[in-house]
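Below: one structure, written as structure tokens.
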């Protein structure tokens, strides 16, 4: 059994803790949160010991690996400490909002052979993964265009948005990773445009956008288009389309069930999309833990590694510069 | 050019007249209706001469073939006269409401080599035909079950229902033919049950039903299930499913376009089904005329022949007896 | 916490044991199987004590309620013993293959106020339940037709089929219950027809069928049509359609994900249906345990009770007689 | 009856001629082509007189209106001559490949009250129009993003591509118009990127691209994304998605019929998309003629007017500059 400790017991940390406990080859070794009351809730519900400090976790011989789900600005520090302590890490995205900090972190852990996995959970979604696998298997021939539609079911609270690092580093970052995952080739140029349509005043106050389109192109000409909105009234809109020389694959949305209704003047009326990301990506979160457990067991590199986390941030930074300067930005400018 | 005269200029005769006129290898040779005013409307719109009597049509050397779309109780007489006059016939279904009369008609035209086509238009629907073709091509292996869902968009007027011969001979008759078309084997037994749910009082007055389920089985055990209703508020519900040892094919419904809508609390909301049978089966009506033109040109037997018309009526009669007697009826009892 | 013991640790018992252990308000109190090795596997995996006999389970004060997942021919005995011991019961379907035995069991437990739930898990499927709820809420007006398509992904082993009681009591029994669930009214007549198409020789040897169509009608004329096959190559085909005066609702099939593929000559190519019933009805199995836990906690009657189990068997018996005698059978004949 | 003459009897002119002849309130007054043999084919098939020169057509009192379907480089000249002759015009797109020529043409016809309609036929597609109407009716609230996917079923012949004016003026021009139609607001900025993936060598030789992504933004922040490819193996991929504050509408693709197939390992396998634009947009071509007939009858401005034709070309020119200069281009730079 792989004994995993969870650092950070907020919404996503608590979910990970439960998933670890439910995994047949993993146990929840410990939980930690700077707010002890929060840690207590998870501890009581799932039954793992509380550790008072992160240092205690890293020092514990009862802990084989750690999952970092703390506040974003602590990720890099904790990740470095974990590696220093010889613990494999599953770290929530983003590694840090600052590319400089991420680069420094990369330097600090250079040469480690410990599995380090970044929490780009969508790679583990059965539908999105099926798109990836079909593309890699050549089922659509040469890949030409990737279209990622990614719209949140509703605006996050202002307090969250203030520390989120902006939509590109917070939300689009998942889509940058998805694009890289499907493309199988690094984007060379990034164009982005942002608008304030969902909550114009709030976005102006935050200096942020709520509606984003990004277009990236690789050296060979493959195009990736990312479509974001902070609010889709019909649910959490998550689609991936890959188009190529021999065909197309689409990972379509998910609903809670497949009941459709017809009546006077309409047909096919279906339920809204699954709203909550934990519900929408439930199988993916399970599979993410499973992949981490396997990486720890075998000592093999994680499927989504540190460099994947760094690259997604590079693309976000390029997109931010593209919006600011109204031009296509070469990735090499920010790398 | 095949010169076709249309007998009967009601709704369906007028449509056929227009389709004949639009066919590249056919012309509308003449129109006739016992109500001359009705014939005039079609004549004026499309531009064909009016003939005062059916006899005139049958005698005319300017007429290569005839399409019979008159009142049902005149079909058999006109069909016999047409054959006697050496004119190929496309006759609207049913041949007659009385099986005895149909059998007599069969006797009267025995031995003719003229193409005689019965108006089971649904065989020409691209989707239903694709089901048929897939089954015949072995794409679903051995056929096990055929499910025909056939619900009208709304109750016909009482005046029509009174002379319709009842739902089984009027509406289900299409589905009996569809079942035979897909099955590729004659049903051996027929079970039917009827209910009065759409318009209970009217149905009781007419001694008719508005909701029907029929189950037929062939000697080899293949099953065909027919589901009818006189009123589907969401449109004209026309589906055919064939299930077999290697898979399943389904011909699904049609809408006017494929716009779907999502909003607060719903997704995939689509337009109602096409309501009107002429609109729903537009391609089929065109293809039906095309098949008739080709049969006349080549002198080959029609795709849907007289015996098909007779067999469908046999099954309707067996179903009527099944409802009356509350038991499975062998087709051989009514054949 | 409701402490539930599981009797019978085969495939389905083991699954229930895991679901009980995962339920936030339930614990797995004990497991029992006449084959101790089988019980040990579940005990080791989930961590509950083994009890050597059913009697020990019923006597244990550490057990609040029992789940019966033993061989069918022990269900009624164990159910009676559980009730005698004052333990609420969740009993897998069918209660027994013999209606006489079920009636005797009903007599034996008459007057108990203990929650007794029968394992018709499909009532808890989110899609099927949404159909039920829409019908009850009047969303389709007056109900006219219910169509239940229920095809297994593959033939069960001969050893299983030999003791299954035949397709109608083993497989269609779920659909009889589904029909009653949606109809909201008892069927008055039953017609059934069976064929041997999937495995003709085996079925002849067993005196059983592998392809079934059942038509039932209620006093008010509502029709329910059940379509069964023992083998659908494309997966576990589970659909429920309810048609009424104001519209239609359909609970459609489920796939593992929603990736579709288009290529030269095709579009929309999707994954097969979920094959395995435990996977297909995963949410339903969870919800079934949840409903039982709630019934035990509150002492309220189960959502699917003993009489539901008995009624489904009554309909199966009527269908068996219908096939044997080639006629419509009144439910009152077998009740 | 509106008497319409067709100038240019190539593939699309011949189709328009037939549609005019089939329209209940229009007749084909004459046909003209610089290649008389081509004109003869249409004349023979449909039955209209041939006129030897365009001048003859414009002078004919038997001609109420003209449809221009000649080579692109003659459009503007013929349009000016038609207006000078007082004939309403339906002119195929594009008006000209040169914006300067289009602007000169606009100057030449300034002040005319004759209906002048440009052949952006997709506005008349029932599904795309339903998206437009839903957006205008406020069904999705404030519009945020429009996504137009437009992929041809196969590469046009090199001879055609050489004179096409490039993918942006030839193919994307339809999508520029569609974006404007749905947006209801002029784009302010244009970003475009092109790739050579379908036929790299040919495209290099032509100085053209075969894969295009365009992103436009309006002053209020609405975004339009256009996705093009010269070759989709699965058919003619034509989708329009509009996303807004209250929901989303999508006009999805069309197939010849709705038969789907399931078998070992797959479900929902459907026919390819309709390949041929005349087939795909059949209803739209009919409706386009209908709208023109009505404009001529009533003397009212055409639904898609000269300025619409000019604006689409402006956007194409901006996109061409964007690709050339690797930056976002303001529409005002090229207007």
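Each chain gets a letter, A, B, C and D, in the order it is written, and its residues are counted from 1.
Going forward, contacts are C-beta pairs under 8 Å (C-beta built on N, C-alpha and C of every residue); 3 or more make two chains touch, one makes a residue touch a chain.
Please read all numbers here as calculations on a predicted model, not as lab measurements.
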item: Pair of chains joined by more contacts [C-beta pairs], B-C or B-D; value: B-C
item: Centroid-based (C-alpha) most distant chain relative to chain B; value: A
item: Inter-chain centre distance, chain B versus chain C - centres from mean C-alpha coordinates, in Å; value: 41
item: Centre distance in Å when chain C and chain D are each reduced to the mean of their C-alpha atoms; value: 57
item: Of all residues in chain B, the ones touching two or more other chains; value: 233-234, 246-248, 253, 260, 262-264, 271
item: In the complex with chain A, residue positions of chain B that touch it; value: 233-235, 253, 255, 260, 262-273
item: In the complex, chain D residues that touch chain A; value: 141-142, 144-145, 147, 149, 151, 189, 191, 193, 195-198, 211, 213, 215, 217, 220-223, 225, 227, 229, 231-234, 237, 243, 245-248, 326-328
item: Chain A-facing residues of chain C, complex; value: 22, 24, 45, 125-127, 130-131, 134, 139-140, 246-254, 256-264, 271
